[in-house]
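Chain lettering (A, B and C) follows the sequence in which the chains are written, and residue indices restart at 1 in each chain.
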Amino acid sequence: MYGDLANKLILEAKRTQHLNNRNKKCAKLPTYQDDIIKNILKEVNQLKRNAEYLKEQQQLGNIESDAAKCQYFVSLLCMERNKRCLMAYQKLRSDMLDSQVWSSDGTDAITTSGSGSTAGQDITDLSTHEQEYLREYAQLVTEMKSGELTDIDLTGSMVPPSDVFIDVRVLKDAGEIQTEYGVFNLLKDSQFFVRQSDVERLIQQGYLQKI
Amino acid sequence: MSLPNHLNETFSPEEIQFLVENEPIRIFPRITTRQMVRANRQYDEFDSNTAKQDMKWKLITMDDTSLNNMVAMKSTQVTLWVALILKQQAKCSIIAPAWLTVKELDRKIQYEQTHLDRFSEMPWNWLVLAQLLFNKAADDFHDPVHELRSRVQDLREIRQSKVLKGLQYLNESHLQLDNLSVLEINELRPFIIGVMDKLRDMHAAAHSGSANEDQDIDNYGDDRYVEAGV
Amino acid sequence: MDIDDILASLDHDTTAVESLRSDADNYNGSSTLLYSDLTYNDSQTKDKQNPNTISNSTATTSATITTSAQDYNNLIELWRNERCSPELLPYPTKLLDRILPRLQQQMEYIESLSMGFISEYSQSSKLPLLCMEAELERLKFVIRSFLRCRLKKIDKYNFYLQSIIASSDTDSANLLSKQESIYLNKHSQILLKLFNNSILKHMPVDLQAIQDTEGSISMVDEPKWDQFVFIYVKDLSTQSFMVTIPQLNEEVELSPGSIYVMRYSVIRDLLMQGKIQLI
């Protein structure tokens, strides 16, 4: 039936959106539904031909007017609905691509390898037009970051800074580290007051513990 | 999208804390930063190679006068996030606001219990401020912190239950919510906005056909507030 | 409160009012500092000072310093408004033209302090530097969050914004910064290309428009003008404001210092005049 394919596409989009909303970090896009989209476009053109035929017949006076009018109107509505579904699907995907660009610092949004990568979007799941769009949008965001807004670091964290400096205890010897505040010799059980961003790595690796 | 979805038309708890940290608070510094300006200047000129001078506070989002004029053990007022850094460095003790004592909290709790139709007057940041100070300046309170904590929790719960009772009066027109704190508002926001948006749509749908409103609907307009003002 | 403290704070005359006020512990909106008259009609932007004077160290008058504090408070208020309002609010050109250079100068100053000069200072007095760095991070965060919230709305309403910018010349003139309007145009352009290539050009000619408002449902998103928002009526005077909810034919009195949940369209004018803020 007309509209079934579009429905399928929207359900697919809905599922994607649901996954995206549950995930605080931005989700990856599933495979682009090339076949469904091609078939919907075919359907639209089929509907268009129907509508034109009906209009023609009506003008020639070959058909009873009420049923034909109705059929004609339904064809138009189906076309419009198909268009809306296609647009909504594409809009959801482009929105998600935008999010990826913003959250990935604009650099590693694209993994070119065909294999599934955890870092970013698997590019083979995107249509060629989407790939092009992603590149162009990443470029645009890079441009936005430069100029008078360089200092702000637009793609930086959206979590307010708290505890820019923290006290840490050294859990295991880690040698010397160099920071703007001088050299720290990280001996086991010693304590330091350091900039959190300077030691984030060492905390993750288990050398330091936040007090 | 350039703004993560969970920040849409609301604030994260971290952002609420950030807002509260911008507020002033009184402290007892344990350091002195006030300098005799003229003497210091001469000192600089002649002795700058040998002398270690104290660094000036130069801040761009607040008036740094009080920070450059701290005298040990003489109370002064600074921005909360600065106070928390000073505290972390053991350079000050924080003076808890007047309402954050067992006695005052008890008074508020009693007020909440006797006035069921309104909220006691609390500063807009009370809940967040209390939690911040409990966590980061617990040793600066005169009252035992566990008693303060439990009273703050009680107060919060009483107010929450009032809010829940008040929700039945949500309507498509408006709502007045005086004395609710920034955190309480932020927690209620999704629910209240969601319900009122729906009620508005229903009202619009119900009245799109006929212009003459039902008398009943007009009347219930009078008690539709969650009247919480003092 | 200690009388000595009151007297001491009166020494720095410009701050006296602030500290007395804030001690009142009243609900006082986002900040206990006095607001300069914050409106979206550019009257917040009386340019009393040259931002360059800020870094000129200790001798700066306290009036200048108070203004940079006010600028920050205004920024916080605008950030909250932008986050809570359904529509894109006007870009505060002059405010950011003051704040951004100040930020940059501070970064340079901090860098000069931590490069070598730092040994000049005694160990204990690195504390101001810590705070200056922390402050910088805080300020950068607010500006970043503010601008990205705006970009999000620019994306969400791109076709709507383009249509109002094209149609009127007065209202929308200060809606976007220069950089934002470049962003709006470029992003719409590559989006349009994407839609064209993957969908629209395969459609029948009469269905190829992207700004399709002809069909049964408009495809251009507009802000939800009647969305409910939380407002705080500023404590600027004792005067209340009367607003009308046209759909209900109802009048509501908004009193200073109170919090309400109202339809955005009803309070939009008051917001633009800086009489209320969104919370």
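The rule we apply is simple: contacts are C-beta pairs under 8 Å (C-beta built on N, C-alpha and C of every residue); 3 or more make two chains touch, one makes a residue touch a chain.
Just so we're clear, the structure is a prediction, and the values are computed from it rather than from any experiment.
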Per-chain CA centroid nearest to the all-protein CA mean: C
Highest-count interface - the chain pair sharing the most C-beta contacts: B-C
Longest centre-to-centre distance from subunit B, chain (CA-based): A
Subunit B and subunit C: spacing of chain centres that average the CA atoms, whole Å: 20
Separation of subunit A from subunit C, taking each centre as the mean of its C-alpha atoms, in whole Å: 27
Intercentroid distance (Cα basis), subunit B paired with subunit A, Å: 35
Where subunit B touches two or more other chains at once, by residue number: 1-3, 7, 15, 18, 85, 89
Where subunit C touches two or more other chains, by residue: 103, 126, 130, 134, 138, 141, 145, 148, 151, 155
Subunit A: positions in contact with at least two other chains: 95, 98, 102, 158, 160, 165
Touch list for subunit B against partner subunit A, complex: 1-7, 12, 14-15, 17-18, 21, 85, 88-89
Subunit C residues touching subunit A - in the complex, by the definition given at the top: 100, 103-104, 107, 114, 118, 126, 130, 133-134, 137-138, 140-141, 143-145, 147-148, 151, 155, 179, 183, 186-187, 190-191, 193-195, 197-199, 202-204, 207, 212, 215-217, 219
Contacting residues of subunit A [partner subunit B, same complex]: 20-21, 24, 26, 95, 98-99, 102-103, 158-160, 162, 165, 167, 193
For the subunit A and subunit C complex, residues of the former touching the latter: 37, 41, 44-45, 48, 77, 79-80, 83-84, 86-87, 90, 94-95, 98, 102, 127, 129-130, 132-133, 136-137, 140, 144, 147-149, 151-154, 156-158, 160-161, 164-165, 180-181, 195
Residue numbers on subunit C that touch subunit B, as the complex places them: 2, 4-5, 8-9, 12, 14-15, 18-19, 22, 25-32, 54-55, 57-58, 62, 65-66, 68-69, 72-73, 76, 80, 83-84, 86, 102-103, 106, 109, 113, 120-122, 124-132, 134-135, 138-139, 141, 145, 148-149, 151-152, 155-156, 226-230, 245, 247-248, 250, 252, 257-263, 266, 279
